[in-house]
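Chain nomenclature is as follows: A, B and C, assigned in order of appearance, with residue numbering initiated at 1 for each chain independently.
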C-alpha cells in the first residue's frame, strides 16, 4: 500500500475514487474547536451583553478560553491541506460562491474581535505589569498596552463601551463563523447524509452546548486546583444554559435525522444498513444515549429537584463531560459518517484512522489539547478570575 | 462635550481651544488614514490584470493555433456498445500520468449484472479486488469473468468520467478559484493554485474527482485538454475499439456528437442535481446512478 | 478619546490597509482575466505533451502494415491499443510487440456476460482451439478475420499466366509439380503462397533455385501470382509415400490446430497439406527439424519427430484428398 494515502475497505458498490476518504479526523476536530469557540463566547456574552450576573465568575475566563481555542482553529485545516503554504489563496482571491472562502475572512475577523475583546478585558492587568512588573514581560506589556497607562474612569468607560459593542457584534459573528461550517456540509448535493437545511442550526446549537460544557468542566476543575469556592449560582446558571440548548440541539438533530429516514430517497437501503450497523455505537450509544439522553435526564433532575452543593457540581460536571463527548461524536458521525456512505447510494466505506502521520489520531488529539495548554500559559501572565485582585497580579504570580 | 472641560483637579487646565485643535487634527489623521485605505483599495481594483474580465482578446487563446471561442465540446457514450475491455482506463492513465493503483481514476467502467431471480444488479468496477486479482496488478485492469457460470438475465457495461457540467458543483465550492470552466466548456484544475482542501472532491455527485497524493492537489479528467487543443481526440476515445465513446464539437452540426444527440434519445447521469452534465449517454438503465 | 483607543483605532485601520495592499500585491497577474481563475493555467495545461500518437503517426514509417490494418476488420483498434502508447518513438522509445496474445486478445474477445456480440466477436478461451497456445497461431492480429475457404480470389489472369510461365518448368503447367520433391502449387492457399514468395524474396527462406525466381517477380505481382495458382484446381498427386499412413494419422493430431482437420486449414495463411507431394512434405519437415527452415510454430513441432515419423506424416497427408474447395 502506498504510504502516501490509505485505502479504505468497502462493501457493496462505491465509485472507484471513493476508496480513499478525503476528510480525516482533522476535519472532525476543526468544527469541534470552532464550536467550542462559539460556545464559550456565548457564555461570556451572557454576562457582557445580557448582564446575567451569575456568570460573572466565568465571564473573563470563557473570553480568554475562546481566544485560546480560536488561535488553534486553523491548525487542523493547515495540517489537512495538500498545500498549506498556499492557504492564503483563499483570502487573496476568495471565490465568493464557496463557503470555504468565507472561512478566511470570518475566522480572521473573529480572531481580531476576540483579540480586541480580551485586550480590553485584561488591559488593567497588562497596564499593571507594564508599570510595575519586571524584565522582558514588562516590555512586552508596554507594547501590548500601546504605551498607554490610562486607567481613569474616562478610559474605563470607553473600555466598557468597547467590550459591550464587541460582545454584541461577536454574537452574530460567532453565528456566522460556526454557521458556515454547517453550511459547508448542508449545502452539498452529493451526499444525502449531509444535504439538509438544518445543518447550520444543528452545528450552532451543538457548538453552544459544547462550549458551555467545556466552561463548566474547566471552571470546576480549575477551582478545585486553586482550592477556591465554586460559585453555585454560576454552576446553576451554566446548567440551565446547557439544559436549554441541549434540548434545542436534540430537537433539531432529531428532526434532521427523522426527515432523512422519512423521505426515504433513493439509496435509503444503504443508509439504513449503515444506521443499523456501523452507526449503532457511535451514534445511538455514544452520541444519543450516553452523550445526550443521560445528561439531559441528569440535568432535568437537577433542575426539578433544585439540587445544591457538591451533588449539583458533581452531576453538572459529569453531564458536561458526557456532552463534550457527545458533540465530538456528533462531528464524527456527520463528517466521517457522511463519507462512509458512498455517493453511489449502493455501498459503504470504512474509515480507518491512522495513528501517526499528519492526519492521524495523535495529530488530531494534540490539536485538541493545545488550546488548554495555551490557556494554562496565558493564566501564568494574566488572571481571568473575577475575584483576583490587582495585588495578586502585582505579586507576579498568576493564580494556580 | 466631555473633553472640553477640566479632566480632574490635579491636572493643569488646558485651554479648550488647544483641546479642540488637538481633536480636529486627530480626526483629520483618522480621516486621512481611512481615505488612504480606500485609495489603496481603489488602486487594487484598477490594477492591471484585473481590468478586462470580458471582451475579445486580440491574440488567440489559449494557443496561437487554437481559439477557445470557436468550440463547444461535448462527449457521448453509447453504453450499448461498451465491451468492458478497459483499454480506455489504461490509456487514460498512460496519457495523463494518473497513479497506477486501484484508487485514483480519471475514467472508469462499471459492470452491471442482473442475475436470474434477483431484483438488484451486481455492480462492480475494474477497481474491485476480485477484478484486480484477475488482472494480477493494480496497474493493469481486467474484468474477471465472474458471471460466466451464473444465470445472467441482463448485463452491460457503463463507462464513466467527469461530466464537465455546465453548472459544476465543484467549481461552485472551490474556495480559491483553482478549478474553473473554460470558454470551450472544459472544467480544468489549476495545479499550481489548488490548496488541496478537497472540498470539490466532496461536492462532485459523480465521484469524478480525486486527490492526487503525489502532487498534493485534486485531479480529474480534463477531456485531454492538451490533446483536443491540438486537434486530437481524448485518449480514451482514441483507444476505444468499439466506438462506445465519442467526442466532438457541438458548434459543428455534423460532428459525431451533434449527430448522436440529434439522432438519439440521450440521457445524462443524475439530472436532478441541476449540474447539467455534458456527457450524453444512451443505454443507461434504471440502476445506473 | 483616551489615547489607547485612538492608537487602537489607528492600528486597526493600518492593519486593514496593509491587508488590502497585501491582497492586491499577492494576486497573480493573470487572475480575473477571463473569470475567477488564473488565466495562465489554461495554456499551461494545453501545452502538455500527448502520449498516444495515433495510427497516422505510425503510418509514416509503417505504411504497408498500416494499409493492411486499415483495410481489415481490426481498423477500429488503434496500433497503440495493443502496442502501448508510443511517445518519442522511434528515437526515444522502443515499441513492444506483445507476446502474451492469449491474455491480450481475450481482454476484448473473451466471451463475457454483458459484452454485446454486435460490438465484438467473442470466444470461450477454454473451448476455442485450446491446443493453440497463441491466438496469432491462426489470426493475423492486423487482419484477424479468417477468410471463408470458399471465397474466390480476384486476380488478373492474363498477367498471372505470363508471370507463371517461368514457374511451369518445375511446378508444372497446371501447378502440379513434375516430381515429388517439388511442391504442387495448384489449389494451394493464396495467402500462404504469397507469404512464401515474399520469404524467398527477402531471404527469410533460402533456396538456391527459388531465390532468383522470387527476385524476378515484382512485389505487385506476388498476390496476383499467388491467387492464380490458388485458383487452379488441385488434382490428386497420385504419389504415394513410403511410410505408414495410419501411424501418420495418429501423429497428425497435433497438426490439425493450424493445418485443419483433414489437412485443409481454415486460415489461408497456412499451407494446405492434403494431397501435397510426400517427398516435399518430408523434406520440409526435415528442414524444420534440422534448422534449415525456421518458423516459430513449425520448428518446435518438427523437433521431436524421427525420420520414420516424418515419413509417416508425409505419407498420410499426401494421401488425403485436396478437396475441390481448397482455395
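The definition used in the following text is that contacts are C-beta pairs under 8 Å (C-beta built on N, C-alpha and C of every residue); 3 or more make two chains touch, one makes a residue touch a chain.
As the structure is a computational prediction, the values presented were derived from the model and not from experiment.
Participant: Could you find the chain whose CA centre sits the greatest distance from that of chain A?
Facilitator: Relative to chain A, the chain with the farthest C-alpha centre is C.
Participant: So which chain ends up closest to the centre of the protein, judged by Cα positions averaged per chain?
Facilitator: B
Participant: Can you check which chain pair, B-C or A-C, has more C-beta pairs in contact?
Facilitator: B-C
Participant: Between chain A and chain B, what is the separation of their C-alpha centroids in Å?
Facilitator: Inter-chain centre distance comes to 33 Å.
Participant: How far is the middle of chain B from the middle of chain C, if each middle is the mean of its Cα atoms, in Å?
Facilitator: Roughly 41 Å separates the two chain centres.
Participant: With chain centres defined as C-alpha means, what is the inter-centre distance between chain A and chain C in Å?
Facilitator: Each chain reduced to its C-alpha mean, chain A and chain C end up 69 Å apart.
Participant: Touching two or more other chains, which residues of chain C qualify?
Facilitator: Counting only residues that touch two or more other chains, chain C contributes 1, 23, 27, 31-32, 36.
Participant: Going by the touch rule set out above, which residues of chain A reach two or more other chains?
Facilitator: Each of 93, 95, 152, 154 in chain A touches at least two other chains.
Participant: Would you mind listing the residues of chain B that make contact with two or more other chains?
Facilitator: 177-178, 193
Participant: Which of the residues in chain B come into contact with chain C in the complex?
Facilitator: Residue positions touching the partner: 3, 23, 26, 29-30, 33-34, 36-37, 40-41, 43-44, 47-50, 52-53, 61-63, 66, 68, 80-87, 91, 94-95, 111-113, 142-143, 145, 147-148, 150, 152, 155-157, 177-183, 188, 190-193, 222, 224-227, 229-230, 232, 235, 238-239, 241-244.
Participant: Okay, in this complex, where on chain C does chain B touch?
Facilitator: Contacts found on chain C: 1, 6, 9-10, 13-14, 16-17, 20-21, 23-24, 27-39, 41-52, 54, 76-78, 80-81, 84-85, 107-108, 110-116, 118-120.
Participant: Provide the residue numbers of chain B that touch chain A in the complex, in ascending order.
Facilitator: 2, 7-8, 99, 101-105, 108, 110, 123-127, 169, 171-178, 193-199, 201-211, 213-218, 273-275, 289
Participant: Which part of chain C faces chain A closely enough to touch in the complex?
Facilitator: 1-5, 7-8, 11-12, 15, 22-23, 26-27, 31-32, 36
Participant: So in the complex, which bits of chain A are touching chain C?
Facilitator: Going through chain A, the ones touching chain C are 88, 91-93, 95, 112, 116, 119, 123, 145-148, 150, 152, 154-155, 158, 162.
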